[in-house]
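Several structures are given next for inspection.
Two complexes follow with subunit A in common, the first pairing it with subunit B and the second with subunit C.
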Partner chain A sequence: MEELKKNILSIFNDLEIYIRKDNRMFINTKKETVLSLLSYFKNSGYDHLGLISCNDWIDDSKFELVYILSAYMANDEEFQEKEKRIIIIKTRIPREKAKFITVIDIFENAEPYERELHEMFGIKFEGHPRLTPLFLELKYETPPFRKDFDTEKYVENKFGKIPTIKERKNNQKNERT
Partner chain B sequence: MRELELYFGPQHLGMVGNFSIKLKVEGDRIIKADANPGFLHRGFEKLMERRTWMQNFPLVCRINVVEPDHMELVYSMGVEKLAGIEVPERGKYIRSICCELARVGSHLFGLWAYSNMLGFDTVAQWAMYHRDLILDLFEELTGARVYHIYIRPGGVRRDFPDGFKEKVIETLHKIGGKVPDYNATFFENSLFKKRAEGIGKLSREEAKSMGAVGHVLKATGMKYDIRKIEPYAVYDQVDFNIPTREGGDAYSRLLTIRDEMIESVHMIFKLIDKMPDKGKVYTKTPNPFKWNIPEGEVYVRCESSRGELGLYMVSDGGDKPYRAHFNTPSYNHGLTVLEKVLVGESVSDVGNIMISLYVVAPEIDR
Partner chain C sequence: MDRNQIGKWLKNPGKMANKYSFHVVYFCTGCGIIEIPPSITTRWDAERFGIIPVATPRQANLFLITGYVSTKTLKAIIRTYEQMPEPKYTVAFGSCPINGGMYYDSYNTIKSLDKYIPVDGYIAGCMPRPEAIFIGVTHLWKLIDMDKADGYKRYREDYEFYRENQEQLFGELDWPPLFKNKSS
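Right after this comes the complex of A and B.
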C-alpha cells in the first residue's frame, strides 16, 4: 500500500491520501485529475469499478463524487495482496448547476450509475449517451436524493396530512356537538 | 425485415420479478435491448437517512426479497466498523451458518425459476419444496420466514434454540439426498443441455469489462469470491472450494450454482462441528435512541449468492446515517450485462438469459 502511495504521488500532485488498516485507500483529489487517476488505476490492475456514489454536503454547498475501485484476479489460482485493496477516489464539485465528465470510456459499467446520479441528484454527466430517467416515473422540482428534498413535506403536499389520534378524537367530538 | 418494438415484462411468463425490457426485434432476432427497471423503487437509501442506526436494520433486509440475510449482514458489518464493535465468536459462527443457509435457499429459488421457465415442472416443485424446508428452519430460528431481521449490529438477535443443530443437519441431509435425482432429471438431462449451452455466452474479458461478479464471473473460470479475498465472519477458519466452469454460458452458470449449493451444504456441516458450544451471541450496543456513531465513512463488502455485495456508508457523527449506498450485484447484471448479452439472441431466450444471470428486480431498484 505504501509503495502504491509513493508511485501515485510521484505522478500526480495535489492529492490527499489516507491509508486505513483494513486495506482501504482514500484519495481526495481535484476534479480535473479524476479521469487520469481512474485510467492510471485501471492500467495498473485495479480494473473493477464497484460503485459510483455521491454525497450531498449541503452546508458546504458541494457534491462529493465517490468512485470505488477494486481489482479482479490476475491469475486463477492464488489470491494476491492486490485483490484485498479497495481504492476510494473522492472529488468535490459545486452544487449549483452540477456537472461532471462521464467515465464510460474507461469503465463500461459506469453507465447506469451515472444515469442514477443524474436522476437522483441532478448531476449532468457530459458525454453520457443516454441520461434518460432510470427509476422514477414522475418529475420532481428538486431531485429526490438531495438533502434539501424533504420527504415528509412532499408527502404532506402530495397526499394531505394524516391527522393524529388526538386530532381525530377532537374532530369526532366536535362533530357530535 | 421490419423492425418491431416489443415490451417484455413485467407481466410476462418468462419474466421473474417486477422488471421489464424494451426490445427492438427484427423477426426473431434482438437488435437492441433496453432494460427498464423502477417498478419496485422505494428509495431505501433516502429512507435510511431519516431513521436511526437500529431502526434501519429491519429496513435493509427488504432490499432483497430472496435472501435478506446478506443485506442485514453487510449493513451490520458497516455499522460495526464505523462504531468499532467486535462480534463474539459464537455470533460469528451463527452468522456464517445463517448466510450459507440463505445461499442454499436462494440458489434453490433460482433453480425453481430457471427450471420452471424451461418447462421442467417437477424439478421446479422439488426446488420450491426444499427451499420451504430451509424457510422452516429460519422460522424456528428467527420467527419469520422471509424477512428474518436476525443479524443485527453487534451479533445476532438470539441464540440457536434447543436441538436446532440436529434439525439443520437432518434437513440438509434430506436436500442432499435428492441431488442425484436433480442431476438425473435436470442437470444431466440432454434437453437442458441443448436449451442452455451457448446461450448468453460471455468471455472472461467481456465479463470483466462489464463489471460482472459472482456466478457470472465464476462461470468464466475466475475464482473471484469475497469470502476468500476478504474473509468476514468465520470464513477464514473453514476450508472450502470455489466452484468454477469454463463455458461462460447459461449452462455453465447453472452448473456453478449447483456446485456452489453443494459446497455450501458441506460448509455448514463443518461450521456446525467447529462452533463453540457456549458463549455470547451479541455485544451489547448502546441505547438505540441515544446511539451516536462517530464521524467517518466505510466501504464493506460480502459475497451474497449473486456476487459481491457492497455498502458505502457515511456518518456525520449523528444518530442516523448521513448517506448509504448499496452496491448490489444484480445492478450490474441486470442493467449492463443483460443489455449487451441480449443483442443477437432470439426472443425465446430472453427469459433463459435473464434468469441464468439471476437478476432480482428489488435489488436493482432499491
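Right after this comes the complex of A and C.
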C-alpha cells in the first residue's frame, strides 16, 4: 500500500492521501484530476467501480462525490493482495447548479449510479446519454436527498392533505346541501 | 366436518365455500415478505387454514400487502386489486400500511393505505409473526360470517372517492376507471 502511495504521488500533484486499516486508501483530490486518477487505477488493476456516492456538505455549500474502487480477481499474479484493497477517491464540486463529467467512458457501469445521483441530488453529468428518472414516481421540487429538502413539511403537504374516504363523502354531502 | 356448522352451510353455502378457500396473492412489498415462506411451507403450513398461494391476481380472492407501500408500488397494488374477481378481501400487514410506521416522514412512502384501496383488516406489529397471519385469517372468517368484510362492496360504492384520492396523489392515472360514476 505504501508503494502504491509513492507511485501515485510521483505522478499526480495536489493529492491528500491517507491509509486506514492497512487496506483502505482515501484520496482527496481536485475535480480536474478525477478522470485521470480513475483511468490510472483501472490500468493498474483496480477495474471494479463499486459505487459512486455523494455527500451533501450544506454548510460549505459543496457536494462531495465518492468513487469506490476495488479489484476483481484479476489475471495478475498478486491479485490476492490487491483483491482486499479498497480505494476511495473523493472530490468536491460546488453545490449550486451542480455538474460534473460522466465517467462512463472509463467505467461503463457508472451509468445507473449517475442517473441515481441526478435524480436524488440534482447533479448534472455532462456527456451522460440518458438522465431520465430511475426510481421515483412523483416529481419533487428539490431533489429529495439534499439536506435542504424538508421531509416532514413535504409529507404534511403531500400525504397529509389527502382526505380519508369518510371526509370526502362528508364534503360532498355538505356541498350538495 | 363439524356438525354445528351444518346450519351455517345451508344458510349461505357460497359464503362458507369462499371463506375456507382463500387463494392468496402475496404482494411482496417491504420486509413482511420474509414471513411468508415459513408460513406457507411445512413449518406453519398455511394450507390447514385453506390458504394457498396462486400465481396471478385473476385467480385470487385474498390480497396480503406485506409491509410499507411506496408510491411506485401503490400503482401496482391498485392495478392488482382491480384485477381480482369479487368477492375479494384485503389484509394489510405490519404497522407501515396503517400510518406509515417508521417511515412516517419518508418522502416516498404513502402513510395510510385505506385512503387509496379499501382494507378489510390490519395485522399490527413490526413484523407480525406467522401465527399472527392465522389469527388474522380466523378473525377474517368471523367478519365474513357477519358480513363486515365488505371492502369490495365499499370500493364499488365509493369508487369515485377512491379514484379522486388516487388522482390527487399521482396526477393523471394511465388506466381508465374500473366502474362508471354513479352521478354521471
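Convention: the second predicted complex is superposed on the first by the 154 of 177 C-alpha atoms of A that agree within 3 Å, B and C clash if a C-alpha of one lies under 4 Å from a C-alpha of the other, contacts with A are read in each partner's own complex, and residues count from 1 in each chain.
Here is the rule we go by: a contact is a pair of C-beta atoms (placed from the backbone, for glycine too) under 8 Å apart; a residue touches a chain by one contact, two chains touch by 3 or more.
Bear in mind that the values here come from a model prediction, so they are computed numbers and not experimental data.
Legend: residue contacts after superposition of the two complexes on their common chain; A:I165 is shown touching subunit C, with no touch to subunit B.
In the superposition on chain A, A:Y154 contacts subunit C only, with no contact to subunit B. In the superposed pair of complexes, A:L134 makes contact with subunit B only, with no contact to subunit C. Once chain A of one complex is fitted onto chain A of the other, the partner contacts of A:I68 are limited to subunit B, with no touch recorded for subunit C. Once the two complexes are laid over each other on the shared chain, residue contacts for A:I8 go to neither subunit B nor subunit C. After overlaying the two complexes on the shared chain, residue contacts for A:N109 are found with subunit B alone; subunit C is out of touch.
In the superposed model, A:P144 makes contact with both subunit B and subunit C. A simple residue count on subunit A separates subunit B from subunit C, and the partner touching more is B. Note: residues 135-137, 144, 149, 151 of subunit A belong to the subunit B contact set and to the subunit C contact set alike, using the contact criterion stated above.
Remark: subunit A residues 22-24, 26, 47-51, 53, 55-56, 66, 68, 72-73, 76-77, 79, 83-84, 86, 88, 107-109, 111-112, 133-137, 144-145, 149, 151 touch subunit B in the complex. For subunit A in complex with subunit C, the touching residues are 135-138, 140, 144, 149, 151-152, 154-155, 158-165, 168-169, 172. In the complex of the two chains, the subunit C residues touching subunit A come out as 70-72, 75, 104-108, 110-112, 114-115, 154, 158, 161-162, 164-165, 168-170.
Residues of subunit B touching subunit A in their complex: 37-38, 41, 43, 45-47, 50, 81, 208-211, 217, 221-224, 228-230, 244, 297, 299, 301, 308, 310, 312, 314, 322-323, 325, 327, 331-332, 335-336, 365.
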